[in-house]
Structure formats: structure tokens, C-alpha cells
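These notes open a run of structures that come right after.
Here come two complexes built around chain A, the first alongside chain B, the second alongside chain C.
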Partner chain A sequence: MNLQVLPKGALVEWIELLSARYRVIGPKRKQEVVQQQPAGDTQQPPREQYIFGELQGAHELELSYPSTILPPKKVFLPQKEELFSFKDNGHQVDLQLDERRTVIFGIHTCDLHAVLLLDQAFSQGAADQHYMARRANTTLVSIECLEPCSENAFCKDMGTWIMPETFDLHLTDLGHEYALEIGSAKGSELLQNLTNIRTATETDYWRFNQVISAKWARFPYRLEADLSELPSLLAISYRSQVWEELGQQCLGCGTCTAVCPTCYCFDVVDEVNFDLTSGKRFRVWDSCQFGQFASVAGGHDFRNSRAARLRHRFYHKFKYQSDSFGLAGCVGCGRCAEACLVNIKPIDVINKLHRKRVAVSGKRQEVMG
Partner chain B sequence: MSLPLIETFSTTSAYLPLVARIADVRPLTQLEKLFTIELPGDLSLKHAPGQFVELSVFGVGEAPFSISSSPSRSNGTFELCVRQAGQVTDALHALGPGDAVGVRGPFGRGFPVRRFRGKDLLFLPGGLGLAPLRSLINQVLDERSNYGRVIILYGARHPSELLFQDELTLWSAREDVEVQVTVDRSDGNWQGHVGVITTLIPEVQLYAPNTVAFTVGPPVMYRFVLVELLGKGIREGNIWLSLERRMKCGIGKCGHCQINHLYTCLDGPCFPYAQIKRLEEAL
Partner chain C sequence: MTVSTKPKVAFFDFTGCEGCQLTVIDALQTHADLLSAVEIVQFREAMSERDEDYQIAFIEGSCSRTSDEARLKAIREQAQIVVALGACAHLGGVNALRNWQSSDDVRRYVYGQGGKLYDSHKALPIQAIIRVECFIPGCPIDRNEFVNALKALLQHRLPRLPDYPVCAECKLNENECLFMRGIPCLGSVTRAGCGAICPSFGACCEGCRGLVSDPNIGWLRAVAVEHGLREGGFEAASRLFLSHELMESEGDRHGKH
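And then the complex of A and B:
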């Protein structure tokens, strides 16, 4: 491992250097926090919220943020993006590919794992050039989480609380300095012209190891089933009453899929200009939680209840993607649980399914003596 | 030499349609029209029966359609049988010869025709299900000596909804094709069989071990047809279905066509029953 060390004070210069060459996106405070406090309720100040946004300078960067409202997927897969424009009823078509050179600064490891999953989904088979163009021109600077961000996060269970094998540049907070691990040529390019950087000494390595190993005890396991058991737990739970109960609660609003770092389902829509012969085709986020998502022209809906749609989401995350990619489709970031209006939380759902199975097998053991 | 259309996508964007021209429009029923689409230049679709294309009306949108013409009769054009049932199909029905449409494809897994050589083939299209099966039927008839018996049992709701009536007459007239047509509800002039498609199956004498069945129709039809076919002793791997879903992207990304872990646009739309019988979301 080739470790570099950068004093925190050099961050201002670094962001400035990067901004000259790249569009720099990082975690920052959400600006327009207009939360109306109910009269008399002074107990709870509005919770600070963070977003990934374009940085005007290092002063905006909030590297100790807990989590962001939306994950960095919005950079690669904007909520609405133009695929192409057309003129003369399609006889002239102009492809839109976004090739802006971009750095995303301060990505947590869960979100980095999520980007790698999106990479698989969009590159396998027929590649999605719109995603690939953005991805190829983007460098990711990840940062090690030293504290759990939320009781809804279960990154340790999902194995995403530490870095993946593939990364560009990774930061670890050592107090007054950052340790920098270089994972790719793209990552190393970001260090060009940086004057304050130095190679780590033996003491630095020792401090670095201390910081990393202290993580273990701080991060709790929250799932009662092991990651490797989840596909089989789901395989035997397809007809569980749990899905019906959740279907009764679920509002079908699709918030969970919007804030999910690995959800990428989309719809394609046309917008036509006043001349009726020119216009644009867009890709927009869609959600498997919406009614009509799985319906066909005749009106038949192949997933016609909220219970079935919610179950599909859980199966896609914890079974189908594990089966086909060898990687779970959930990184345990907890955003869906934070955002859900009726408190549906993956930790609770999985633990509930697991307890039911444990109870059943316990009974069986009794019967069998 | 003609270039397969799908090879033109890799260099640009998989979502960018190629501009093609409507060469002919033929009304089939009150709701369905047959569109002949002509690809530009030297391009040809190079599809397999059972595959689908994404067809665009620029400014309105894009939708998946199964290809209705046989690859053996392509010649730079292909045919789509389109029912007027939504925004894109409304717009399409308003177009005529010479108008531009966008084409992407062909997509999906079609019927593996070569695997059926020497077999007796039983076709059971219901309603609009004849559109994709016509592609396979005509390919089989164009190389008729490669196959055993060819039996077509076609069901529609009403005589006015029968598709490809001229071709049905041609097929019926052939001595090497057995055709039976039924309607759910008769009208005054209908002389033929009345009843749902499953009522035709018991009367057919088959040698089940050598029979491959192909059925395409609405989901409710599959449940009943499958019971009859399995009852006849046809093997689960020898019953082929084409499943309808809203394949939006055609390349396994958008998520709309998922059937449990399968993507209809990649793994299907044509499936042997053995592959999908345990999938809760399939039928």
C-alpha cells in the first residue's frame, strides 16, 4: 500500500486546484432549509440536511456529514436527462452524451460500493453509453467512515462499511491530516501540483492502522441473519404474511427507490416542440413501487398490489442481484428507512423474516426431540 | 451485403433509434393494422421469429412490438401487427406510407427454430397472439419439409377480430397444414366452431413425445391452455410461450419487464414452460 499524507489545511488549495480542471461535486449543507416549526415546539431544531452539490470552494465541503438526502447516483443518472433531440420527425437526430470532467469528493464507502453495482448493471450486455460517458469522465474520492451515521444503516452487515477493491482515491481522517490511498491512475491524477503532500512515515502507518482497527467495535451489526444467508432466507419467505402486512402499511410513494443508491429503474418520455416535428427524448427515474410499473398495453398489471411490489424490491436487492451479480443489491446505507413516511425499514423486515424462520425451525426441533 | 441493424447501435447509443419509413399500412380489423416498415440503405433486421423491436413515433414515444413477418420473407422490410391501445399506437395508426418511424432492435430471445426440425408443431395463438406466431408459422412453411405435422388452432373473441384472414384461408387450403379456427362469441354469419381455444385441443390427435407446442395469447388463456397441453402429455420443455411485458429499454436496464429475476427483454420474451413454471410472476 502506498500511503500519502495531506494536512487538512491543504484542502482549500486542493479543491481550488481541482476546480480549475474539473467540475467538483461534494457533500454540503442543503441551502434552503425552510422548515416551519410548529408553535411552541422549540425542543427539536430542524435537523441539518446534506446534499451532493457542485462546490464553490472548500468552505462548502462538509466531510464529516452523516449521509446525504440523495446518493451520488444522481450525478451519473440524473432524475431527468436528455437522451437525444430530434428534428424533422426524426430525420435529424442529435445524441446527448455528458462528458464533463467531474470529481465527486467525499463519497462514503457504502455509496462507492453502490456505484460499482451501477457500473455492473449499466455495462453488462448492451452498455448504456449515457451512463458510461459520465462514469468514464468522473473520478471518485471516497472517505472512510469512522462513526456509524444512523441507526438505520447496516453497512457492517452488508460489508460496505469498508472500501471495495476498486477505487480511485481514498481518504482517512487522522485528526489533523488525511491519509490518502491511491487506487487508480485517475485518482493519482488528482494529486497533480499538490505541494503539501508527503509520503507516509512508519508512524503514519501506525496511526492509520489504529484509526481503521478502532472502527470494528464502533460499528454494530444490526441484522440477525448473515449476508450470505439472505438469498436463501428470501427464497423460503416468498409467501410470508410479512409482505401482506407491509403492503397494508406502504403508501406506494416511491421515496425508497428515489433515495436508494442502487435503484436505477427508469422510464423514457418524449417532449415535442410547438412545431410538432422536433423535440427531445428524456430518461426519467421510475419506481417499481408505482402502480402501473409492471402493467401492459391491455391494462393487465403483473404486480398489482403494494405487497407484491414491495416484495419485488426486497427480492431484487437481497436475492435477484446477489444471484446474478454476486453482489447484494443493497449497500445498507439506510436512506430508504430514513425517508420512508410509514417507517418501513429493511433491518426490521429482514429481522422479522429471520425470526419467523428461527421460530419455525425451533418448533421443528422440539417435535423431533 | 446487408448489415444487421443491431450492429449500428454499439458505436452510438443503444437508445438511439434508426429512422425508417412506413412502406405500407393494411387494416386487419377495426383495431389492428399491419405496418410494413422499410429500413434505410442496406440494413436488414435479421431477426428470429418471436423477437421484438422498439418502435418510435418521434414526439410521442416508443413501445415494444413483436415482429409479425417471417425472417424468410424479409428483404429489407418487416411487418408489425399493431393494435390501437395507447398513446404510441394511437399515433402510429394515424400514420401512413412514407411517414418516418424510429426502430431499435431486434431484441430478446426468439423461438429456436432449428431445434424443432423433425417435430410435429402445434400452434395455439389466441387473439393478437397470432402476430408473433405468424412469423414462426411462415418460416416453418417456407422450409416445410424440415418439420412433421403443422397444426394451427386459432382462437379469437369474435369473428370480426380474426387477424390475417387471407393467410388463414391460404393455410387451410394446404394439405400439409391442419387449421382450426374458433371464436368465443359467434355472429349471424359465422359458420365455424364456437368456444374458447381450449375446446379445440381435446379433439386433436397427437403423438405427444414428438410434439412441440407454441402458444401466445393473454395471461388468462395460458393457464387453461397449459392444463390441456400437459394433459395431452406434451413435455414442459416442449411448450413454448411468449410473455408480454412493457419492455421499455430492450437491453435489460429499465426494470419494467422483470419477471422475478428474469428480464423479459433479454431472457425472453419466448420461454419454454419448464423455465418459467416456478416463477410466481410469470403467468
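And then the complex of A and C:
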């Protein structure tokens, strides 16, 4: 392992150097708009919220952020993106690719694992040119989490609280300095012209190991089922009453899929000009939680209840994606649990299904014994 | 002189504030090319010419008088396509607040003794009187949605409206949920398409675009109470725009959560 060390104070210079060559994106504070309220109103001020956004300088970068509202997928897969413009009734098409050189700073390892899953989804079969162009021109600077970010996160259970094999550049907070692991040529390019950087000494390696080892005890296990059991746990729970109960509760608002770092479903819409022969084609985020999502020509809807739609989401995360990519579709970031107004949380749902199975097999053993 | 082959469009107003018509006029400033695609033959808010030969009718306002019904039927007779323009035409609008009271009482409050002379009744969406092909929701309408709807009609398609809640767009804008700030919001049962403009500026969604087709009102009411809204507060908040829809679905709702 090639470990480098950078004093924290050098971040200012580093971001400045990078900004000359790249669009630099990182976690920063979200400014909420607050309306003037009548006196005596019981409203609370907005909480601290963080988003990935373009940085005007190191002063905006909040590397100790707990989580962001939307994950970094929005950089590769914007909420609304132009795919191409067309003229002459579609006989002339002008492809729109975004090839801006970009650095995303401060990605947590759960989100990094999620990007690797998106890579699989968009590169398999006919690769998605738009996604691939953005991805090829983006370098990811990830950062090690030393504390759990929220009670809703279960990254240790999902194995995403540590680095994946593939990365560009990875930071670990050593107190006054950052340890930098270089994972790719793209990552190493970011260190060009950086004056304050030095190669790690024996002592640095020792400190680095100390910091990483101390993580283990701080992160709790929250799932009662093992990661490897999840696909089969779901496979035998298709007709569980749990889905009906959750369907009653679910608002169908699609917040969970919007904030999910691995949800990538989209819709494609055309916007024509008034000549009706030219216009633009856009890709917009879609959600399997919306009623129109699984409806087809003729009006049939394959998942025509909130319960069926919600079950589908859990199956996609914990079974279908494991089946197709060998990677769990959920990285345990906890964003959906945090954002759900009716408190539908993956940890609770999985644990509930698991307890039901354990209870059933316990009874069976009693009968057989 | 050449005879125009462009589709002829007319705008009509009933009970409403005319704000949606103003949004149309506003849209003409940013989308002047609209006039290359259609010919506007009647639009009281914007011009004095008036022709009764039209194919597409945009109707703003709710129907709130017996005497309005004949005019609506005449428009229906002439137009191939009728579009309800804005919350009043689509849902009855704010006017439908009065539907919770008897029309006699309402006339007396507003007109005093002269109330008897007026033929006003409950404020109804125009769909309660005549068939409409589609609607453009909102108070006021969203100008882009109006422009896109018109383009769709010119392509002989019906405009496609989102059938998912405002929350979806609110999250795309990365807003903190207003409930977390103790502000009750109707975003999770209201049809999206507005870009969550109100919550994005710190004001709650008031439901002006109408309910989604599968609203989970029962659980939203529970959420509102959990976040400090008093019992009955949800009803009060939702009556501003959703009076007619709520009254219509009253029977269904009792069976639900």
C-alpha cells in the first residue's frame, strides 16, 4: 500500500489547484429558505442538512458531514438530463454528452460501493453513453467513516463501512492530517503540483492502523439476519402479511427511491418545439413506488397497490440485485429510513421478516422434537 | 388574404380570479412562438376581438351559478377539445370552501338581503357540468405545463400529468421535509408537476393541484398529528383547495384507515 500524508491545512491549496482543472463537487451545507411566521408559531428552525454541490473553495467543504439528502448518483445521473436534441422529425439527432472533468470530494464508502453498483447497471449489455461519459471523466475522493453517521445506518451489516477494492483516492482522518491511499492513476493525478504532501513513515502507518482498528467496536450490527441470508429470507417471504401492513402505511411518495444511492430507474420524455418536428429528449428520475411505473399500454398495472410496489423495492434491493450483479442492492446508508415520513425502515422490515421465520422454524422444531 | 390553417383556440372565464389567464399571457411573453402554432380567436383578458369558431377551449374558473351552465354547454358544443384551466375549473378551487355551508347562508353573508336575487350554488369543477378532455392543474397554473399541454394537444395527444405526490419533486430539490420543522404540508397526497415550488421556498403545500389518484390521507393525517398539528387541523388545511374532492370521496374514506 502506498500511503501519503497531507496536513489538513493544505486542503485549501489542494481544492484551489483542483478547481483550475476540474469541476470540484463536495459535501456542503444546505441553505434552507425560511418564511417569516406569525409570532407565537411553534415552528422549529431548519436542521443542519448537507448536499453534494459545486464548491467555491475549501471553506464550503464539510468533510465531517453525517450524510447528504441526495447521494452522489445525481452527478452521474442528474434528476433531469438532456440526452439529445432532434430536428426534422427525428431524422437529425444531436447527441448531448457531458464530459466535464469532475472531482467528487468526500464520498463515504457506502456511497462508493453504490457507485460501483451503478457502474455495473449502466455498463452491462448496451452501455449507457451518457452515464459512462460522466463516469469516465469523474474522479472520486472517498473518505473513511470513523463514527456511524446515524441510527438508521447499517453499513457494517452490509459490508459497506469499509473500502471496496476499486477506488481512486481515499482519505482517512488522522487528526491533524489526512492519510491518502492511491487506488488508481486518475486518483494519483489529483496530487499533481501538491507541495505539502509526503510519503508515510513507519509512525504514520502505525497511527493509520490504530485509527482503522478503533472503528470496529464503534459500529454496531443492526440486522438480525446475516447479509448472505437476505436473498433467501425474501424468497420465502413473498406472501408475508408484512407487505400488506407496510402498504397501508406507505404514502407512495417515492422519497425512498430518490434518496437511495443505488436506485437508478428513469423515464424518458420528449419536449417538442412549436414546429412539432424538433425538440429535445430528456431522461428524468422515476420511481417504482409511483402508480404509473409498472402500468403498460392498455392500462394494465403489474403492481397495482402500494403494498406490491413496496415489496418490489425490498426485493430489488435485497434479492434481485444480488442475483444479477452479485452485489447487494442496498448499501445500508440509512437515507430512506431517515427521510420516510411514516418511518418505514429497512432494518425494521428485514428484522421483522427474520423474526417471523425464526419463530416459525422454532415451532417446527418443537413439533418434530 | 390567406386563410389561416392553424388550430383556433379560445379562452373563457367563469368563477375565479383570472390569475391562470394572466399566467397564459405571461407564457406568451416567454413562448411567443406559440402564436405561430395556434390562432387565438377569443380571450377576453387579453384582446377585444371575439370569434365563436374555435376547436380548442381553455376554461378557467369554477361553475357556481345555474346561469353559467348553459354557457359551458355551448362551449362544449362548439369545441372539439375542452381543457379545464387551473384549480377552480379543475377542482372547484378556493371557491368550493363555501360548499361546506348551505348556499342560502352563503348568499346572505355575501349579498345581504339581496342574496335571494342571485342564482349561485355550490362551486363545482366544470367537469361536474360538461365533459372535459383534460385539465391543467394548479393555482395558478404552471406556465411550462400549459405550454407542454398545448403542444401535446397539437400532436393529437392528451397531456401527460404526473400521478405521484409533490414530495417526489421536493426531494429532487433536496429540501428538508417541512414536517421536520413542525410545518404541516399536503405534499404527500398532492399531484406533482409544480416542481414543489411552495415547499422549496419554505411554505407548505396546500394541495392546489388536487389529490393523486391513490392518496394515503389516513396516514398523512396521523403524521400531521404526530408532528404537533391538532386534531381537525388537517381537515382545515386541506379544505382550501380540496373541498370538492374531499366531499366527493367522503363516502370512500370512511371505510379506509
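Just so it is clear, the second predicted complex is superposed on the first by the 356 of 369 C-alpha atoms of A that agree within 3 Å, B and C clash if a C-alpha of one lies under 4 Å from a C-alpha of the other, contacts with A are read in each partner's own complex, and residues count from 1 in each chain.
The rule we apply is simple: a residue touches a chain if its C-beta (ideal position, glycine included) is under 8 Å from a C-beta of that chain, and two chains touch if they have at least 3 such contacts.
In this text, all values refer to a predicted model and were calculated from it rather than measured experimentally.
Enquirer: When the two structures are overlaid on chain A, which partner does A:V268 contact: first (chain B), second (chain C), both, or neither?
Expert: The answer is first: A:V268 touches chain B but not chain C.
Enquirer: Considering only the touch criterion stated at the top, classify A:W161 as touching first (chain B), second (chain C), both, or neither.
Expert: Neither chain B nor chain C is touched by A:W161.
Enquirer: Thinking of the overlay built on chain A, is A:F105 touched by chain B (first), by chain C (second), by both, or by neither?
Expert: Touch status of A:F105: no partner.
Enquirer: Check whether A:F208 is in contact with chain B, with chain C, with both or with neither, and answer first, second, both or neither.
Expert: Neither partner.
Enquirer: Quick one: is A:F318 in contact with chain B, with chain C, with both, or with neither? Answer first, second, both or neither.
Expert: neither
Enquirer: Which partner does A:Y22 reach: the first (chain B), the second (chain C), both, or neither?
Expert: Neither partner.
Enquirer: Scan A:I51 for contacts with chain B and chain C and give back first, second, both or neither.
Expert: Once the two structures are laid over each other on A, A:I51 reaches chain C alone.
Enquirer: Under the stated touch criterion, which partner chain does A:D128 make contact with: chain B (first), chain C (second), both, or neither?
Expert: After superposition on chain A, A:D128 lies in contact with chain B alone.
Enquirer: Compare chain B and chain C by how many residues of chain A each one touches, and report the one with more.
Expert: Comparing touch counts on chain A for chain B and chain C gives B.
Enquirer: With both complexes superposed on chain A, which partner does A:Y238 reach: first (chain B), second (chain C), both or neither?
Expert: In the superposition, A:Y238 touches chain B alone.
Enquirer: Touching chain B in one complex and chain C in the other: list those residues of chain A.
Expert: In chain A, positions 271-272, 276 sit in both the chain B and chain C interfaces.
Enquirer: Taking the touch rule as given, give the residues of chain B at its contact with chain A in the complex, in rising order.
Expert: Those in contact with chain A are residues 9-10, 12-17, 19, 56, 58-63, 83, 85-86, 89, 99-102, 218-219, 244-246, 248-249, 251-256, 258-261, 266, 280-281.
Enquirer: Quick one: in the complex, what on chain A touches chain C?
Expert: Listed in rising order, the residues of chain A that touch chain C are 30, 32-35, 42-47, 49, 51, 69-70, 79, 248-255, 258-259, 271-276, 285, 287, 289-292, 306, 339, 341-342.
Enquirer: Enumerate the contact residues on chain C facing chain A in the complex.
Expert: It is residues 31, 33-34, 36-37, 148, 151, 154-155, 163-165, 167-168, 171-172, 174-177, 179-183, 187-189, 200-203, 212-214, 216, 219-220, 222-223, 228, 257 of chain C that touch chain A.
Enquirer: In the complex of these two chains, what residues of chain A are touching chain B?
Expert: Spelled out, the residues of chain A in touch with chain B are 83-84, 86, 89-91, 93, 95, 97, 121-122, 124-130, 238, 264-272, 276-279, 281, 283, 286, 288, 293-298, 300, 302-303, 308, 312, 315-316, 319-320, 323-324.
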